[in-house]
Amino acid sequence: MRDDGRNENELRKVRVEQDYIKYPEGSILFEMGDTKVICNATVEEKIPGWLKGQEKGWITAEYSMLPRATDVRTRREATQGKIGGRTQEIQRLIGRSLRPVVDLKALGERTIWIDCDVIQADGGTRTAAITGGFIALVKALQSLVEKGILKNFPILDYVAAVSIGKVGENILLDLAYSEDCEADVDLNLVMTGSGKFIEIQGTAEGYPFNREELDEILMLGEEGINKLIEIQKSILGSIV
Amino acid sequence: MRDDGRNENELRKVRVEQDYIKYPEGSILFEMGDTKVICNATVEEKIPGWLKGQEKGWITAEYSMLPRATDVRTRREATQGKIGGRTQEIQRLIGRSLRPVVDLKALGERTIWIDCDVIQADGGTRTAAITGGFIALVKALQSLVEKGILKNFPILDYVAAVSIGKVGENILLDLAYSEDCEADVDLNLVMTGSGKFIEIQGTAEGYPFNREELDEILMLGEEGINKLIEIQKSILGSIV
Amino acid sequence: MRDDGRNENELRKVRVEQDYIKYPEGSILFEMGDTKVICNATVEEKIPGWLKGQEKGWITAEYSMLPRATDVRTRREATQGKIGGRTQEIQRLIGRSLRPVVDLKALGERTIWIDCDVIQADGGTRTAAITGGFIALVKALQSLVEKGILKNFPILDYVAAVSIGKVGENILLDLAYSEDCEADVDLNLVMTGSGKFIEIQGTAEGYPFNREELDEILMLGEEGINKLIEIQKSILGSIV
Amino acid sequence: MRDDGRNENELRKVRVEQDYIKYPEGSILFEMGDTKVICNATVEEKIPGWLKGQEKGWITAEYSMLPRATDVRTRREATQGKIGGRTQEIQRLIGRSLRPVVDLKALGERTIWIDCDVIQADGGTRTAAITGGFIALVKALQSLVEKGILKNFPILDYVAAVSIGKVGENILLDLAYSEDCEADVDLNLVMTGSGKFIEIQGTAEGYPFNREELDEILMLGEEGINKLIEIQKSILGSIV
Amino acid sequence: MRDDGRNENELRKVRVEQDYIKYPEGSILFEMGDTKVICNATVEEKIPGWLKGQEKGWITAEYSMLPRATDVRTRREATQGKIGGRTQEIQRLIGRSLRPVVDLKALGERTIWIDCDVIQADGGTRTAAITGGFIALVKALQSLVEKGILKNFPILDYVAAVSIGKVGENILLDLAYSEDCEADVDLNLVMTGSGKFIEIQGTAEGYPFNREELDEILMLGEEGINKLIEIQKSILGSIV
Amino acid sequence: MRDDGRNENELRKVRVEQDYIKYPEGSILFEMGDTKVICNATVEEKIPGWLKGQEKGWITAEYSMLPRATDVRTRREATQGKIGGRTQEIQRLIGRSLRPVVDLKALGERTIWIDCDVIQADGGTRTAAITGGFIALVKALQSLVEKGILKNFPILDYVAAVSIGKVGENILLDLAYSEDCEADVDLNLVMTGSGKFIEIQGTAEGYPFNREELDEILMLGEEGINKLIEIQKSILGSIV
C-alpha cells in the first residue's frame, strides 16, 4: 500500500471543473490528486508562417507553473528572461500528443493554443496537462461547431496520458511527487482511446531497466489510460 | 445605474477563498466581481544583498496574468524574454503599498514574496492584488508567529486598494473592465485602516480633470477602501 | 530654510538652452538646479502598428541617465540587456503627460519621439523631463508648421510637472536629491496651463499621510506648476 | 531495400577518428553514414552548486549544429540569443543517457562536459552524439586514471543509442534524414552493454502505433545497439 | 579646399569644457567641430575578477550615442536588449588605447571607467572619445594624487587619436561625417606624445590602397596627433 | 629559431581539404599549423533589407569557436545569450575583408554567408578565417557560374590575411598562440593578390612601437600574404 493508501494500479482522484475561466473557448480546472492545472484552449484565426499554403490548422501548447505551485518557491521564467529546458520539453510534448488525434485539414486554417498553467504541483503535471488539455481542446472545437464555424467535428480519437514508475521493487501507476523523487524508472505514456501509442518517454534515473519491467510498466499504463478516457467520456460524451 | 446593476458607489462582490494553494505560508484566491487573483505569500529566510547589515526584512511582490485571463489571448512574458513595463509598474506598486504597514525591523532578516497571479481579469487587477496580497501576507506572518519564529506580529495597519474613475459625467467606484475602457480619468487609491494615504495614482486619459473632480474621486475611493477593510477584518480578525 | 537656501515654496533655478543639439526637430538642455536633461524631439513619419487606420498621430518618450549622472556610477541598461522597472515607469509617465495636450488627430499619422537623457541628476529628473520635454515637443511641432507640413498647430494647452514632498515636518516644493532621500511623502504632479490635473503620483515612503497633508501638497504643487508654465511661455510665446 | 541500399536492420557505416582535437581530455570525430559529430570531453575540477556536499561528480552535455550542417542554412542560436527547445531536449537527453553508466561517487567532485558539435547532419544526430559521446567520455576518464587522478575507473557499463522508425509499412533501423522525414513513428532507444534500457523516446508523428509495432521496433533497436557496442568495444577495449 | 573651408591637413576646431558634470572624478565635454562627447572618468576601488592577485589596476571604457546624436534617430541599445558590434569594437579600442600610457602597477588595485557619451556626432566620434577620454582619465588620476590616495602619478605618456581618409584623390585629416561617407580609405590612428603607435586601424571601403598612400596617410595622421597633444598639454600641463 | 623550428619569416604549414561538408555551395577545412577552421559558403537568394533597390549583392560572415577549440573550455555564446565583442569584431573584419574583392553588382541580388567555425585554435584564427573564407567564397561563386545562375565570375582579386608580431626583439610572421601571448605588438594584415592593403589592424599590447618597426612588420606581412595567395592559386587556379 502506498503513502496515500492507493493500490499499485490505482489512479489518484480526478476532478474536472468545467467552464473555469470565462474568456477561453475551452476552459477547465483539471485536478489529479493534489496536482491542479488550469487548461485553457484559445482559437486563433491564423496559422504559423511555415504552415502557409497547406490548407490545414495547427495545435500548439504552452506550459507554466506558478512560482509557488511547488513546496519551495521557483523563480519565474519571465524574470529569468528565458524559458527553461524542462518547460520547453513539456510544451512540445503536449503539442505532439494532441495533434495526432485532430484532423488538421478539417480544422481549417486556424490555431488552437492550449495553455496549461499548473497552480499546484504534486507530480504528473505534464500528463495532467495532456489529459486535461484534451478536454479543453474538445470544448473549444465543440464551440466552433456550435457557432457554425466548423462543419465537421475534427476529433479522431480520445487521448490521455499517465506516468508509471518503478519505486523500490514496485511498479506504481500515477506517481505522486514524493514517489517520483524515489523512482528508479519513470515513464510517461500517451495513448489514444483505441489503445494505440502516441508517445512513450521512459527514463532510467540511475537504474537501467529490463524488458520484463518495461512490459509490466506498459500494461499498468494502459490500464490507467483506459480509466482516464472513461472520465473524459463521462464529461465530453461520445465524440468519435 | 451601471451595466452590472451597481450604484456609483458600490463595490463588486468580494469573495475570498482561504488556504487556496497548499504549499505557501499564506494563500488565498481573491475575487472582486469577475477579477480573480491567486495571492500567495512565501517566507524566505534571507534578504536582498543591498539590505544586508540593516537588521530588517523586506516585502516584495511579483504580478502576472495567465495568457487567457483576458478576452484576447496575451503572449506570455516568459516567451517574450522580458517583463513588460506595465507588469513592472504593478509589481513595484504592490510592494510599495504593503511595506508601509509592516514593521520591517520586527519582521527580522527575512523576505516575504507576494505572488499575485491573475487567472481572470475584469478590471482592477492591481488593486485586487494589493487588497488580496495583504490578506496572504498577514496569513504568512500569522504562521510565523504560530511557529514561534516571530515573537511579535509585525503588522502596523490594514491596507486596501480600489480604483475610481470618471466615465462620461459620472464618478464610479471600482471600475469593471468595460468601464475602465471608457474612463476619462482613472485613479488608483491605496489607503490604510486608519484612513491614511499610501499611494495615489491618478491619470487623465485624454481629459485633464479639475480639483472638484479630484475631491469627489478621493471621497468615493475612501468609502470603498473602508468597505474592503471591513471584509479584511471579517477574515483576519482584529490584528492591530 | 533649506540646505540650498530656498524657501519651502521655491523652485530651483530653471535654465533652458535652446537648439542644443543640431539634428533634432526640437532640442533643448533643460536645467533645474543641478538636474540637467537633454530633451530631443524627433519627428518620424510613421505610426505604431496598433494605431493604423485611426488617422491620428502618437507621442512617445524614452528616458535614460548617463552612468555618471549620479554620485555613484550606475551600470548602463544596455550592458544589463534590459530596461529597468524605474526607467519604464518614467518613460510611460512622460508619454501619458504629453499626449493629453496634443490634438493627435491634427498631428496626423506621425510619431513624435521625446528623448530625455539625464546628464546630471539631482532629484526631480522625471518632472524635469516632462517640463523640458514639452518645450522640445512644441519646438518640433512649430518646425512642422513652419515647413508647411502641419496646417494647424496641434497643441491644446501647456503642461509642466513638479515634485513636492514631506520632509520632516515640512512640505517642500521641488525636492533636490538630498531632500528626496529623507522625504516621508513624495508626490509628482503634472498639470496643464489651465490648472487641470493630468497625473498625480503620490507615495508614502514609510509614512502614510492624511488628507490635510495631501491638500497642502497639491496647493504647493499648483503654485510650482504655474511658475514653470510662466517660464515655458517666456520661451515659447503664447501658443494656445 | 532502402535508398542507400541498406537492409531494414542494417546500420549505416560507422567511422571513429580518435584524438581528433588536440586539447580535450577525450576527443573523437564520430561518423554514422553522412552524420558527423565532433565529441569532446572536458574534465573540470569543480561541480555544479546544487551538488555541493554530496561527494560525487557530474556528467553534463552540450549539443550544437553548425549553421550549414543542414541542407538549408540554420540561424545560429548565439545570434538568436537563446537555445532552442530542440537543442535543450537533446542535451538533456545526452546527459541522462551517460550518467547511469558512470559511478558518480567514484568520479569524485569533478564535472565531465560532453560537447557534441554536429558538423554534418543526415539524421540520427542525437543518437550519434550519445554513442560517440560515450567514447569521448571513456577516453577522458582513462586519461584521469593514467594520470593517477582517479584510482578506480568509474565506468559501470557501455551505452549506445540508435533510432528506429516506421516508414510506410516497414520498420527500419538507423534512419537517414530522408527516411526520418517520411516516418510515421520515430523512436530513439538508449541501451547498455548488458541489454538494459536507459531511455525510450517514441513518438507517433501523425500515426499512433500499436503494441506489436512497438515490440518489433524494440527488437530491431536492440539489434542495432548490440552492433554499436561491439564497435565501442573494438575501440575502447574491454572496460567493464 | 574642403566643404567647411579647411585645408587637407587641418583639424577641426577643438573645444574642451572642463569639470562638465559635477560627480565624476574627471569630467569634460570634448568637442571637435560638431562632434561632441561627454567624457567622464570614474574611480572604482575594485578590479575585475580575472585580475585578482596581480597587484595592478585596470582602465576600461564604455561608449554610447544618444539616439538623436545623428541625423536620423537611432534606436537605443538598451531597447534592443544588446550592445551592437560597432559599439563593442569602439569601447574595446578606447580601453586598448588608454592602457599602454598608464602604469597599471602604480595605479594600484582600482579600476578607472571612462564613459564616452556622444551627444552630437559629426564623424570621428571614436577618436574624439580617445583624445577626450585621456583628458578625463588624467583629471581623475590627478584628483587621486591630490587626495593622497596615489603617491605617484601613474601616467607614462600623452595619447591622442585622429582619423585620416582618402576622399576622391585627396588624403584628408580629421574627416567630418560627410567626408567619411565618401571616403575610399578610412584609417584611425592612436599615437603617444613621444610619437609611437598604439593602434592603427585602416580599412579600404571598396578601394584597396597601396603603400605610398599608406605612408602619406600615416604622415598626415602624425601631424594631427601632434596638434592634439599640444591642446592636451595646454589643458593638463606638463605631466610626463 | 622559433619554438616550432620555424624561421622568423616562415608561415606554418597550410593544408586545405576541399568539399569538406557536403551541403554548402563552398566548403573547405582550412588548417594553418594547428589552427583548423571549417569555412562554409552559403548562397542565399535574398539581400538584407537596407540594401533593397541597389541592385547588388552582399557578403557577410559569421565566426565561432567550438568550446574546446582552446586549451581551457570556453562557454558557448548561445548559452550566454549573446555574442561577445571579440566575435563581433572578427566577423565584421571577415566581411570587410572579402567584400572589396567581389563585384557586388555582378553578384546580383543575393547574399553569400561565410561561416567560419574554428574547431581547433592555435593563434591566427581570424586571419585563417579570411584566407580560408576566400577559398570557400570562390568555390560557391564558381558553382553559381557552373549552374548558369551567374554569367560573369564576380571576383576582382585574391585576398589573404596574416598576423605579424613583435615578440621580444624579433619581428615574427604568422604567430602561434604561445607567441601571440608574449607579443608586444600584434598586427593583422589583409592584402590582395595585386599587393594592395584592405585592412591593417595593429595594436601595441603594452609597448607602443615606432615607424621603423611598423615598416618591418608590413614588409614581413606582405611576404607572408604572397605565399598564401600562391597556395590559393594552386587550389583555385587563375581566377582573375
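Every chain is named by a letter (A, B, C, D, E and F) in the order it is written, and numbering of its residues begins at 1.
In the analysis below, a contact is a pair of C-beta atoms (placed from the backbone, for glycine too) under 8 Å apart; a residue touches a chain by one contact, two chains touch by 3 or more.
Predicted model, so just to flag it, every value in this text is computed and none were measured.
Chemist: Using direct touches as single steps, what is the fewest number of steps from subunit A over to subunit D?
Modeler: 1
Chemist: Indicate the lowest number of steps between subunit B and subunit E, counting one step per move to a touching chain.
Modeler: Shortest path length, in steps: 2.
Chemist: Show me the overlap between the contact partners of subunit D and those of subunit E.
Modeler: F
Chemist: If every chain is reduced to the average of its C-alpha atoms, which one ends up farthest from subunit C?
Modeler: It is D whose centre lies farthest from that of subunit C.
Chemist: Tell me whether subunit B and subunit C, two copies of the same sequence, contact each other through the same residue numbers or different ones, using over half shared as the line for same.
Modeler: On the two sides of the subunit C and subunit B interface, the residue numbers are mostly the same, over half being shared.
Chemist: Taking each chain's centre as the mean of its C-alpha atoms, which one ends up farthest from the centre of subunit E?
Modeler: Centroid comparison gives A as the farthest chain from subunit E.
Chemist: State, to the nearest whole Å, the distance from the C-alpha centre of subunit C to the C-alpha centre of subunit E.
Modeler: 33
Chemist: Where the centres are mean C-alpha positions, what is the separation of subunit E from subunit F, in Å?
Modeler: 28
Chemist: Taking each chain's centre as the mean of its CA atoms, how far is subunit C from subunit F in angstrom?
Modeler: The mean C-alpha positions of subunit C and subunit F differ by 51 Å.
Chemist: Could you check subunit C for residues that touch two or more other chains and list them?
Modeler: Expected reply: 81-83.
Chemist: Name the graph shape formed by the protein chains and their touching pairs; answer line, ring, star, complete or other.
Modeler: ring
Chemist: Can you list the ring's chains in order, from subunit A toward subunit D?
Modeler: Starting at subunit A and heading to subunit D first, the ring runs A, D, F, E, C, B.
Chemist: What part of subunit B is in contact with subunit A in the complex they form?
Modeler: It is residues 21-24, 27, 34, 38, 40, 42, 44, 62, 64, 66-71, 73, 76-83, 87, 113, 115, 117, 119-120 of subunit B that touch subunit A.
Chemist: Report the residues of subunit D in contact with subunit A in the complex, numbered from low to high.
Modeler: 82-85, 88-89, 91-92, 96, 99-100, 157, 187, 191-192, 194-211, 214, 218
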